[in-house]
Amino acid sequence: MNEAANDRVHLTREHALHLLKEMLRIRYFEEKCAELYSAGKIRGFLHLYIGEEANAVGVMQALEPEDAIVATYREHGHALARGLPTTAVMAEMYGKASGSSRGRGGSMHIFSATHRFYGGNAIVGGGLPLAVGLALADTMQGRNRVTCCFFGEGAAAEGEFHESMNLAALWRLPVLFVCENNLYAMGTALVQSESNPDIRAHAAVFGIVSEAVDGMDVVAVESAALRAAHAVRRGEGPRFLETRTYRFRAHSMFDPDLYRDKEEIEEWKKHGPVLRFRDWVLSTDLVHATDIDKLEADIAREIDDAVAFAEAAPWEPVEDLMRDVYTRNGMAAA
Amino acid sequence: MIEFQMPSLGADMDTGTLVEWYKKPGDLLKRGDVIALVETQKGAIEIEVFNDGRLGDIMVNPGQKVPVGAVLATITEPGDARAAALPPEQRAPSSLVETPPASVAVPRIPREPPLPSPPSTQLLEPTSPSASGVRAKVTPAARVRADAAGLDLAVISPGPDGVIGLREVEGARTVRSTPRKSGLDLGEMRKAIAAAMARSHREIPHYWVSQTIDTTALFDWLEAANSKRPVASRLLYAAPLIKAVGLALKETPELNGHYVDDVFKPSNSVHLGIATALRGGGLVAPALHDVDVLDLDVIMAALADLIPRVRAGRLRSSELTDATATFSNLGEGTSESLMPLIYPPQVAIIGCGAAALRPWVVDGAIVAHRLLTVTIAGDHRVSDARRASQFLSRLDRLLQTPEAL
Amino acid sequence: MTDAELMNVVKDTLFSVAPDLEGEAIKPEETFRDQFEIDSMDFLNFVIGLHKRTGLEIPEADYSQLQTPADTVAYLRKHWSQASR
Amino acid sequence: MTDTRRITYREAVREALREAMTRDERVFLMGEDVGAYGGAYACSLGLLQEFGEERIRNTPLCESGFVGAGIGAAMGGMRPIVEIMTINFALLALDQIVNTAATIRHMSGGQLSVPLVIRMATGAGRQLAAQHSHSLEGWFAHVPGIRVVAPATITDARGMLWTALEDPDPVVIMEHATLYNEEGDIAAEGDLAVDIDRAAVLRSGDDATIITYSANVKKALAAADQLSGEGIECEVIDLRTLRPLDDATIMTSITRTHRAVVVDEGWRTGSFAAEVSSCIQEQAFFELDAPVERVCSVEVPIPYARHLEEAAIPQPAGIAAAVRKVLRR
């Protein structure tokens, strides 16, 4: 099988429906979270992925079950795309004991060992060194698998970004860096924080092959991710993928979003990842409206089941507060 | 070897309760050292030892009430080797015996003096091993409070949690003494005052002479003097008043001495008992020695030292027995004059009312002046009103030239 | 200094003069004389204590403003420079 | 009493920032999203329009970088106010703070000083989970060379900044995240600067002394009020400054109450409360009628779920229980 062939996306009917379903699941889940936050069911910080679904879904197609994923505090989409059950993720939003982190992590700290989903991270850039380490362990133990590290363009200003890229390049580690550049680090536009806003170019400093791709086009993202992931799997060292995307909602629930023009947001919405892909597949007759209606009904039910599950799930008993501080519970200091 | 006996601290004292030993067997003693605290109906009094030596055996334990004259402990004088102490088990606990126990002739074996325990650790020494021998848990604050109140930790029972804290010390203290938490037992004191006053009324043929004195000069001088003095050395009007009384008493010997066994012994020094009221009732009149020769600042300092000690129940036995006359000042209240009773065996007591603005004749006109009515009670067996009024007019003249006091 | 701190200064000075009063509840509006049978010697010592703590040269004419704990706090608030910071 | 006005802690901080920048043109504010966004806690809202981008300086997300830059600017003659969004991100800047800001005066033999003010939000209580809920004031108070203050009241939030700016040495101001919405009265006008050297007795009482700082002052006062109903009168001390620690005020109080409870949102082991507790036993041992009690956070990464977070950090009920314990009730 030549290299070029398997980098291209085979868009069968079945795959198109899969991509659309995955993006819609994330979209509906995040919209339900916004609603639940306003109802006080979800507390703390909540950073929604609406508008960026194509990145997680696209990249996830290039990863194998044994690959590892490190993400950020905007990681609901990545978790769902990776296969974490909506019930467990929603219960974690509620802080329930059946949540993916026993209710202790909340929105910014979704974890799943079985999915090798090494979590959200509330510290900007905090995940990059972690990904480098996971890849180092694979290399030292002779395992050929990819560690995919998602982060935002804001992290590019953190020291850990430069330190991690250097280590990955220096030690030829199997890391796929995916920078989801949504143009705003909370309230600061990219041009106000980066002397060189072309994030992709930063990888060149460390000799890491990089590519920028339209983060609103799930097929383009998948294709670029396949190219990068295969190179990493061939042992050619780390790869850097910048997906140019946009978040349709504020940084988090408690953000008046004054730093962006309304027109700019509306303009991006016109070319949203779900809208574009749905119109395209309908236009190619690959998928029909009835398929999409059934798809949307199934997803709505899935989300409602997740909410019911979270509502009914138990709180962790306060007596367990000290569990898991140390592996052997007896070591916990009083 | 000396037998140290329960001292007689007052004419009407016949028993005393040993509260606490301040010295331990083997301690070196110097004349005038305070070696124990004794509870009398007049309050807890520190008793001194009157000769040098080394404390031998303690015969009376804290809490025991013994008659005046009972042997409290033995003291070996320097030079004579001490008789070997009887081994503790054989020594019968000194029960309440009428006559002091005869000293037992025992072969003299020189005893090695025990090393004096360093004072600093003394505080932390376990002084109250509880019944099970386990070191009782005493909080630092409780140790300090118990020591300040002159309480032995051994007499305090710990709380339900086995700890002796401030609560337990306070409990022990109030049970033992007046509700006002001072070192004196007001109930005992009331009985003592009643006995003394009844005897005074019964035995002494009192007469009273009073005179109203214009104290304008005194207070003008005082105000001027105080305005020039820093806060810490300001004078109360009681100081010049006491000095004047002392000087006047010096010049009227019949009012300054003791009447004992039908004989009056005039005193050539003037030790003036200062009647001091205690919060919550009760009265004590410890003596201020040689008031006629002290200057005003010394009198103030003496008063400042005396009164808190009275309240804390910490008086030296000499202070209670040496007064040659007594001075009772009702200055705080509003009463104009008082007719006091003499403290036996003294023969006079001077009572002062409140110094207040009242009408007064000056050059034939009525004016408002600050006046003080002084009343002296005398013992007719020793003096009579004529001498008393000479005393009062001498006092009046002295007070007109306060700067000379 | 807060009023609470000034009241503590008054309390600590009073207890140093009359240690047997420690632990008694203090009524801010009642005179020292009525609450605790404070006599002129105690009161002088109390004034001396306040002088040592605050450095204020409290003239005898001001004694009338120090009759109750609350008056004393007000007096300190007015005269003691450090209290106003 | 002069007339007062009612403002929030956030407005007090903003007023202090505005006043400092108006009084001294060397003063400027630097930090993540302090500009257009107006600061993560909206403390600098509106300042960009008033003072411009030069002096309300947005930074990229590079805490070590911009705190180090703040240190350099201070040494270069400016009077920077560096805002680290929260103490959780200050960990990235600890090297600059400990190895440069705190050390350079001493290391340079007294030649150089760092007149820098660093402000950061601290503490838990808003369900932000472990990485956003740290209380590490004790780490900073451990370091010689910097001063650490914790304004708990509106007056202090308004008055400490100017005094800190006038201090030739680095001062770290810890603003607990749950205090920003608090309201309080403050003098209408006049010099509002306050000292940063002394603790304050906020409530007088003779039975026990509760010593705390920052957001726990409110909880301590609540506990004291609750205990007052049981006939227990507590003295409440707001430390206000963690380094240097105002020993005198603490010991004077304990000399009267003989009992101490120290409340600190840090974890118990090696906490700032441990430092206060050992100072007390060193200086007031003979006044103690019970061991010093500490009320700290449970030794666990602060959990997201509300009921777990509430169980993990100090609460009035826990403080009251500690007081009853030192009273052996």
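Miscellaneous remarks
Lettered A, B, C and D in written order, each chain numbered from 1.
The criterion applied here is as follows: a contact is a pair of C-beta atoms (placed from the backbone, for glycine too) under 8 Å apart; a residue touches a chain by one contact, two chains touch by 3 or more.
No experiment lies behind these values; they were computed from the predicted model shown.
Among the remaining chains, the Cα-based centre furthest from that of chain A is the centre of B.
Per-chain CA centroids place chain B at a distance of 55 Å from chain D. If you average the CA atoms of chain C and of chain D, the two centres end up 33 Å from each other.
Here the spacing of chain A and chain C, counted between their Cα centres, is 69 Å. Averaged C-alpha coordinates give centres for chain A and chain B that are 89 Å from one another. Chain D has no residue in contact with two or more other chains. Counting partner chains per residue, chain B shows two or more touched chains at no residue at all. The multi-chain contact residues of chain C, meaning those touching 2 or more other chains, are 23.
Under the touch rule stated earlier, the contacting chain pairs are A-D, B-C, B-D, C-D. Looking at the complex, you find that chain C touches chain D at residues 2, 4-5, 7-8, 11-12, 15, 23, 85.
If you check the complex, the residues on chain D that touch chain A are 32-33, 35-38, 40, 58-62, 64-65, 88-89, 92, 126-132, 268-269, 298-301, 303-308, 311-312. Remark: chain B residues 148, 170, 180-182, 223, 226-227, 230-232, 234, 236, 238, 277, 279-280, 303-304, 307-308, 311-312, 331-332 touch chain C in the complex. Those residues of chain D that touch chain B in the shared complex are 258, 285-290, 328. Chain C contributes residues 18-20, 23, 33, 36-37, 39-42, 44-45, 47-48, 51-52, 57-60 to its touches with chain B in the complex.
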